[in-house]
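Sending over a structure as structure tokens; questions will come in a sec.
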């Protein structure tokens, strides 16, 4: 395991809302080895975007620390970010060429004469045409705009890249193009990156290490293959089961009870206990700490700690055979 | 929740009132040397000092300010230079005229403006709506004094149906002189009220129309249509209710400014209200009246503002019942 | 326009033939839907999948008669329960909506009127279409809230929409759609705005409620997983045209149309590791710049002169209808990657 | 030069030019506005008589009706006013004064309002609170009243002679002070939305300071809403000036504006000389109407949602 490029220790971020303090990010710690992609996955309100903004430096943490190791190969520690909404991540009144050139000129990464050529190279590298420099953002599709954002991020010659749901607003075929592009560029540039998403399939494709977040807390961290092969935390199992599968037809999904509680009033103790099938007394009182288990994974759950080997909280959904044939017999009730 | 909202509004109101009272206090003391007005230009120095002492102007500023506020609270604003009468009595005698005029104008503006706006919002293509839009454009382009003059030209000079100035004969109800009880009162009230209402009326119409069209484009109206609800219910029970909520706040603010607009209308029609009083006070430099008027307008604005907020709170369930 | 094979099954609840929707713009009329034909049987869940701008929601709105002006039906017919409805006067179409054809929209936070209680909105919908006194309607409203899984319905019936979570609100929207007992529900991206755990619950609710009542569903979504687990048959839309229609198992596991195959390939797998996603280069053409012939030909590896010149008519391939001159042999998807 | 060509080309194809051509109200009001501007600028050349050159006035011609009314003379097309001044000339100069004050005060309130709005929106926190509280206090006094108070009080504070020279400046400042809140609030709203947008975050990541981001990135995006308010508020400013002059508090009598002319006319309304007040009134309404018409079109044309 190469030395961690970024290590996050007990990071928290609180907000004042309607007279109450809300801990959007609650005492999170993890490390990202150099040159790898670490993903944070979770549903809305779990704090992954807030955490990403703090790590990128756009927001200050309320507590905890964040330190980058010195990048290898004489590079300078610089962070760049790719955002979710392609329509808000480019200044509508600026030509894309100027937007890409700005990080270069402002941080004078290139002599003035070479800037124009550098911008054109970057555009070609992300799959656009050199002549696009003079165009305005409204002349591009969503997918093309994300390519411009990627080109602008690369222009800043970052050593660390934060991707905040970069493909959630895109259609599937365009998403595939952007994910392939990101994967290729990260390898070529040797970037270390943090990837944020609510889609486990996308996360599986891009990352080497995955952290699952629930209501501001990191409930499970594991290498990608391990997390999908043997999910340990009940919430991770719930997430994996709930994702609709393709090609297996109707499945008897054990639909998890309860609603996602509002971050304004998190339940006491382990915040997942109201929805957990193996809830114990201790779960209602005390929040479990994130403890390492086998194969480089770590999990925060009293039940897992207590049990000797992994527990199957959620029954694996049995495929109900092929989808109903077309002559409309009334289907087996799910 | 409701209490915290109320306290917030009252605190806000207090801040505005303090700021305005400081403004009017500074008017009172630093502008137009009150002493020379009372003592006369060529008074000797010690006569001036005696007067200054009598009026307590030599005391430290904050003390003077507190005494000023103390007196203001009891409605004591000193003596009007122009009418040599206590300011409070001058204002009290003029208040009913302005309030009655503004009330009728407000009813006219709301009663006609909003329904026209609703109609224009519901039927954007109809001929009447186009006509209303042209009318509304003219309405906000014509200054109220020009409207007044044109009305006087037609109805007073040319047709001689209505008096072109004054308030007609009024009846005293205790301290309140009202023009509502006499035919001539109403006849002289008609034109000024229309002049005052026209500007606000067009504003309400345009506002209601835009808001109505906004609501009609919303998702819950589309869902209501998808459920096959009757057009009447969609337009009035669903759309209108959601349109009126934002209108309340703006209507409140606009009615507050109605009082200020009355200045022009009262000047054109020589309507014996506060508007005319303040014009005369300004051109004469009658500082106590100006200062008192300032405080009164600010108080009126703050009261209307708070009432509007409370109304907003009462009507919109999203504010009232927190989850 | 070919006639579909008159399968022995009963007459379809809804049958759409050669539907063409035009949107006049300053650059001339745009063809948003081009010769769209499909059937929905009673109690069947037909999925409509495709990328944004393909025209799937537009089809739903055309069936409901709620096309936003200036879009309008330029040609084709919509037969509902044997009667043509595409040219019905507004007053008659209104009676149909809610009572016979209902709708569910995407964003639960916007679909409910914020100023009326959920009870009011339910009772009004029922009283508009069903002969009920207000007490009966209120009773049914509470029962409906219970059926869609709202806890303590008797108290919550008088609550306002902002007092419910996103998932709960979408359940209320489903109740509102079904409470007038329609035969067909147009569900336009019903769970796109919800989190995955809540999405599973809402889809399961929609499926069971419609199954129990024999209500047919036109399920419009861009999520192939939602289609695969919920739809009986599916139509794949591309640039205002149906590329392929058929039973979900055949379309998902043995797609014939190159676009469907490309679409399936570009979906990141959940249950397996992938190094590279199959990528369809280029992007779906905007309405204003639709290519001649088959709209997919510029991005298709198998395009021929015929594809460029004439638009392929749908023809039978096993149980599916494919609009392509060179449908791919039915090699299962696994090898195709 | 190249960028000018580029922008001109972009303008011709843009939606703005297209919608201008399509809506008659827009290009008619645009033409009328240009005509007004031309009349105002060329007033000295167009006016048959210099109303301020007392020698040229002939008291005998005072209060003469317009040419088409019996008793009128062709020499004074619109008749003459109480001091024998030719109505056409005095109205042209009046228009010039009204436009001058209207545009000047709008520009002043624009600069003040936009700057305060930007700072309040971008910086937020206490400064935002202070500015918005000031706006609240300001809002409690409608524009006319604020202008009135400032103008009136300056009349009592400054000695008469000084007041005469400065009165033009005072009126402009008074109207500007009354209208800045509109700009401040709109700009604050737009700035608060834009500053959270990702393109601002992207620039913050390369270490650019807040002020530079404000002017390089946020400012260009608030121009179109500001432009719309500016157009509409010119009409309002002209109206406010006319009202002040009508109440006798506006521009000095030596250089009358349309409002002053209307006031002078109003004093003689009852003795039958209706044209002295009606004609300047119509000119004023025509100006404000075309400004509002053009402003309405501009707002719809620039409104992204309606496009």
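Labels A, B, C and D are assigned to the chains in the order they are written; within every chain, residues are numbered from 1.
To be clear about the criterion, a contact is a pair of C-beta atoms (placed from the backbone, for glycine too) under 8 Å apart; a residue touches a chain by one contact, two chains touch by 3 or more.
Every value quoted in this text rests on a predicted model; they were computed, and no experiment measured them.
Q: Identify the chains adjacent to both subunit C and subunit D in the sense defined at the top.
A: A, B
Q: Can you check which chain pair, A-C or B-D, has more C-beta pairs in contact?
A: A-C
Q: If you average the CA atoms of subunit A and of subunit C, how many Å lie between those two points?
A: 30
Q: Taking the mean of the C-alpha atoms as each chain's centre, how many Å separate subunit B from subunit D?
A: Inter-chain centre distance comes to 24 Å.
Q: How many angstrom lie between the centres of subunit A and subunit D, each centre taken as the mean Cα position?
A: That gives a centre separation of 53 Å.
Q: Please work out the Cα centroid separation of subunit A and subunit B, and write it as a whole number of Å.
A: Subunit A and subunit B have C-alpha centres separated by 55 Å.
Q: Provide the list of subunit D residues touching at least two other chains, using ranges where the numbers run on.
A: In subunit D, no residue touches at least two other chains, as defined above.
Q: If we count contacts the way the header does, which residues on subunit D are in touch with subunit A in the complex?
A: 197-199, 201-208, 217, 220-221
Q: Quick check on the complex: what are the subunit C residues that touch subunit B?
A: For subunit C paired with subunit B, touching residues are 64, 66, 94-99, 102-103, 105, 107, 110-116, 124-125, 128-129, 159-160, 162-163, 173, 176-177, 180, 186.
Q: What does subunit A use to touch subunit D in their complex?
A: Residues 53, 56-58, 79-81, 83-85, 88-94, 99, 102-103, 106-107, 149, 152-153, 156 of subunit A touch subunit D in their complex.
Q: Once bound in the complex, which stretches of subunit A touch subunit C?
A: 43-44, 141, 143-144, 171-177, 179-180, 198-202, 204-205, 224-225, 228, 238-251, 253, 255-256, 259-260, 262, 322-328, 330-331, 333-334
Q: Which subunit D residues qualify as touching subunit B in the complex?
A: Result: residues 133, 136-137, 139-142, 144-145, 148-149, 151-153, 155-157, 235, 239, 242-243, 246-249, 262, 266, 269-270, 274, 277-278, 281, 284-285, 288-289, 291-293, 296 of subunit D touch subunit B.
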